[in-house]
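Look for chain A in each of the two complexes below; its partner is chain B in the first and chain C in the second.
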Partner chain A sequence: MKMKANTKLVLTTIVVIAVAVLVSIFALSSWQTPTQQTTATYTATTETTPTPTTIQLSGMINGAGATFLNPQMQAWASKFYELTGGRIQVNYQSIGSGAGQAKFREGVLDFAGSDPPLKADIYNEFKDKGGIIQFPVVIGTIVIVHNIPTVESGKLKLTGEVVAKIYLGEIIYWDDPEIKALNPELNLPHEKIIAVHRSDGSGTTRVFTAYLAKVSKDWKDKVGSDFTVAWPVDQLGNGVGGKGNEGVAAAVKQNLYSIGYVETAYAYEVGLKVALIQNRDGNYVLPTREAVESAAKTLVTVLPRAYEDWSHIFPDETVDAPGKESYPITSFSFVILRQVYDDPVKVAILKEFFQWVLTEGQKDENIVKGYEPLPPEVSMVGLEGLKLLRTT
Partner chain B sequence: MLGVISSLAIISAIPIFAIIINIYSEGARHLTLNFLIDLPPPPVSGKSGGIGPALVGSLILTLLAVAIGGSIGFFTGLYLSEFSHTRLAHYTQIFLQIMVEFPTIIIGLFAYMVLVAPLKRFNALAGAFALSIVIIPYIALNVREAYRSIPYTLKEAAFSLGVSAPIAYLRILLSTARRGVLTALLIGMAKAAGETAPLLLTILGTTFTYFGGLDQPINAIPLLIYNFALSPYERWHQVAWGAAAVLLTITLMIFIISRLVVREVKV
Partner chain C sequence: MKSGRIFYTILFFFVFTSLLIVVGVVTSLTVTSYPIFSRDGLSFIFKSTWNPVKEDYSILPALLGTLITSAIAISISTPLAISLAVFSIEIVPSKFRAFINNISDLMASLPSVIYGLWGLYVLAPILHQYVMMPLHHYLGFIPLFSTKPIPTNLFTAGVLLAIMIIPFASSVIREAYNAVPYYLKEAAYSLGMTKWEAIKTMLGYIKSAIFAGIFLALGRAMGETMAVAMVVGNTFTFPKSLFDMGYTISSLIANQFPNAEAYNYMIPALYGGAFILFIVGLAINLAGLYWIKKVMIKS
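On to the complex of A and B.
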């Protein structure tokens, strides 16, 4: 009896688990059909619209990537959700440019947001898979922020070389002669500089280190530029890592006598003190609209096509742009798409949304504080590129 | 000596009260019906917004996880209790005890590998799958205790009726063990509702979509708290506080229900 009961119970258990597994497998395999139905809800408009768009698509597109782009992307997605009456749901999650590119490579995202363009190796990988397009959606700037109680925002003057030396661990105290020489009028304390940097794979780090590499040969030789780098200042114990722009901003706010680099939007929002930085022409500048527009003029001269590899140009060639007013750490923030998607509805939604982003989305009322809209010729790169989207 | 020990016991309970007071003092004012239903707000603009998609997502994920993890965990626990002498039971028990301590982020990574990467999309099922793996050991070990606590004479009596083993275990003896089993499921539910790490790599999160299908991304309250609390925007911080108050309320409610269930069995 006991043995029999044992066998029966084991059998029942196995059957139940098998049924559970089968049900989930069935659920998995039957997904294709209901999915297509849910995403492909074609709703014919009753009124006759002058545009050829007589079929309105509805559905969700999923993107992730740059934390920098997040506030702006949420603002666009929210506005577009309203404009389409909830028809199109753009879902963007801020996981960092590095993670965004990696997940894009694995094919689990419809689009990626990234501060630098797609890495060359991923770009080449997609050549056989129908290719990618990438285009700027907004202009971003990185500011050097600090937390010296005795110094107000917009007063501290720094050069790229000095910033590089701080992160190299060669300048340790705020009253270092090199900093004092730039700021004779400021009362700088004899305190150790806590250098805050990103701990995660970050497009902000990629752009910031590209700038340091351009202005400091030492930095270029010893550290270089990447999504994450080995920070020399960490080895001295004076470095602090923060996750995301949020984390760096918080770390600078919490640590007295710290320095950090964040996207401008975050500096404004958290209320951090911003340092003036010397541009190539020798002037000390803040990321004002004029300073960004001046820098963008140079960016415009080197624009590739959306389907081309941008990795060798941005950001290494474009940081530290010439021009009297130019802000030196100015860069684009990119959106990266595959050229080929399985789902025609997805293609249509991606086109509709990003066309809006590159036109209406660039108007002042749709741009969040801390970002700058694209010059028209830059928007054209994306608008042209979107024509390449297609289904298999 | 006793004084020292009792004061230490009191000290260990302080964080719980501190957390409850802190969360409710910051988040309680957000607990309105609209907050539970509305879409999250954009970072800057007039609307106050809510946590609708995250709440719906959390409910779906938790129920799915309890359905998957509960059924597997229940039978595992039953097996462990009734066939504890077998070698399989011995090793299963060891593995379950390891699983209780397992880092949940690794379970999330596993779910990413088997359900997100092959399907080429972040999806709700991967999240529910990861959560169910997290809660299986809790449910199994608690169900084992529930069946173990049934007096041997009662089990003998059940089998002496001449019914088959499934009927004896699932109909006659389950009615005796039901409070313990229910508690096991409630503990699993509370665990599933509050976990963040298994969701980070599986469900992606959504902004406007409440539920788009099991193969689509979904949001959850812990994930929303994680994302919004890290943001630089005061408005999102407020939403995170409100979401924390909602999550705490859900957890406390499950806890109170499970205590009531246990008390009933003692009377």
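On to the complex of A and C.
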């Protein structure tokens, strides 16, 4: 009897240990590549739906990526959920452009949102797997903000080159001759410029540094453009990093005589002073609807097709767009899709949703404040591209 | 008899699991950070660049930032934590004792992002105006205060950390103080000691618990991510004074992890940073243990 109990105990212990080991091995292996569950549950659909529009499809698609795109994507998703009577649910997690692209590469997302288009190496990887499509869904702008008490919002004039020199640490004081020459009517103080930048990796920084690299050769050679860069001004002790738009905004507000860059919507929301910036044609502009439209229109000529590689064009070539009124730090936010999906229902839902986004979704009532809608020519890129979606 | 066996089996299972988790953490830190160490070797630790454009990473400024902010935090919070513990036991009328202790425990359980926001919007401007600027103005000749401060810097992060870790250290010390045998206290008073002298004796008696509380708090200070990321200034530079902006390893991870997957070596580099943090934390704790032992043996 006692013998039996002992054997039982030993057996139980072994089983328990085995289970523990298995569980931990499983946990470890999945830890390396955190997979997001793509739970797509479909109700009452058959695999042989020839014309999806006539049948009431329902289901869910999962996307993730750019934080910048997040408020707009959430607005579209909830509007679309309403319009379809809850049939179609679009989930979007704002995890950052880079993470979005990486997760998309792993195949755990139905679509990715990103400020820059897909990186060239990932694009090429997908070439053999049926290809991808990517297209702009909305326009975003970045403004230069400052905190000089004696200067009102919309009065300070800057050129891209001067901004680059400030972040390079070459222009240190506000009354530098180069800034004074642009602003003869302003009374600029002899105070050190505190240059605020994002400390977290972000698409905003990617676009902003692409602009600096375009207008300043020095910047291009010494620093470059990326989600995060090594800011030369930090080495002088005059730079400060803020986490997220809110961190940059707080740093600009708390530090007199600072300068920073934030997404336009954010600048107006928290009441930061905005600087005018010189565009390529020599005019000083703010990111008004007209200035942004003007910039977007000039881009139409260089737009690739949705299935092509955009990485060498956006944002490096498209910032500082020509045009008398164009706002120079204007950029698209992209959506990235695979061309081939296993599930026909998913293809139909993706098509339905993004067709809506590129048409109805661009109407003023569906665009969140701070974003600008696409000109129809630009929407066409996506609408054409969506035709390529197919099943295996 | 039988239920006892079941109990021990379950107990064994849980002990085994927690051991396995520790082993798993160390293994995954080592494995994931291996590429950066095999590419850069020790220069990953001893350089001072963080340049994703060139995939050039190193960790020293952040490591220094971690050590500096933790040192500030510990030196501010230690006397405060001991005072709070003694105050809540010896001075406060017993009616309010529970209230004070609850408040202190509540402080410990607040999410760190709340401390971060409070630190950024409330603490940083106040410290800047009333502490850092006067210190810099009058004592600027001392290298520690030589940088003209802006609100977010290593000092602000250190003070915020100090506030965050006081309840941790304090609650450990409080429990130990409460556990001192009552006859010791009575003996102290019967010898004619004043209250102050009695407290000093009691504190001497629980020396090791005080160290334990401080090391627990230190661990928390070194590992804090979000709150520090909001107030530390986030510049990847060698700190030259307490008022310089900087980085800590944990806040570097908090800042850079979301987009790290867009790069080939950033994830190994961030794990490498975590690995170094783990080693440094371990070393400090071992040194602490050794020291406690020496103190205990001496007394």
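Here are some notes:
Everything that follows uses one rule, which is that the second predicted complex is superposed on the first by the 336 of 392 C-alpha atoms of A that agree within 3 Å, B and C clash if a C-alpha of one lies under 4 Å from a C-alpha of the other, contacts with A are read in each partner's own complex, and residues count from 1 in each chain.
To be clear about the criterion, a contact is a pair of C-beta atoms (placed from the backbone, for glycine too) under 8 Å apart; a residue touches a chain by one contact, two chains touch by 3 or more.
Values in this document were obtained by computation on a predicted structure and should not be read as measured data.
In the superposition on chain A, A:A64 makes contact with chain B only, not with chain C. Shared-chain residue A:V270: touches chain B; no touch with chain C.
With both structures placed on the common chain, the touch criterion links A:V137 to neither chain B nor chain C. When the two complexes are overlaid on their common chain A, residue A:G96 makes contact with chain C while staying clear of chain B. In the superposition on chain A, A:W231 makes contact with chain C only, while chain B stays out of contact range. In the superposition on chain A, contact of A:G247 is made with both chain B and chain C. In the superposition on chain A, the residues of chain A touched by chain B in one structure and by chain C in the other are 5, 9, 12-13, 16-17, 20, 24, 27-28, 31, 243, 247. Interface of chain A with chain B (complex): residues 1, 4-6, 8-10, 12-13, 16-17, 20, 24, 27-28, 31, 34-35, 38, 60, 62, 64, 70-71, 74-75, 77-79, 81, 86, 89-94, 106-109, 243-247, 249, 265-266, 269-270, 368-369.
Residues 5, 9, 12-13, 16-17, 20-21, 24, 27-28, 31-32, 95-99, 101-103, 119, 194, 199-202, 223-231, 234-235, 237, 239-243, 247, 250-251, 254-255 of chain A touch chain C in their complex. Against chain A, in their complex, chain B makes its touches with residues 39, 41-45, 68, 71-72, 75-76, 78-79, 82-83, 86, 116-117, 119-122, 125, 129, 159, 164-166, 168-169, 204-209, 212-217, 227, 230-233.
Against chain A, the residues of chain C that register as touching in their complex are 2, 5, 9, 12-13, 16-17, 20-21, 24, 27-28, 32, 49-54, 120-121, 124-125, 128, 147, 150-152, 229-230, 233-237, 240, 244-245, 254-256, 258-263.
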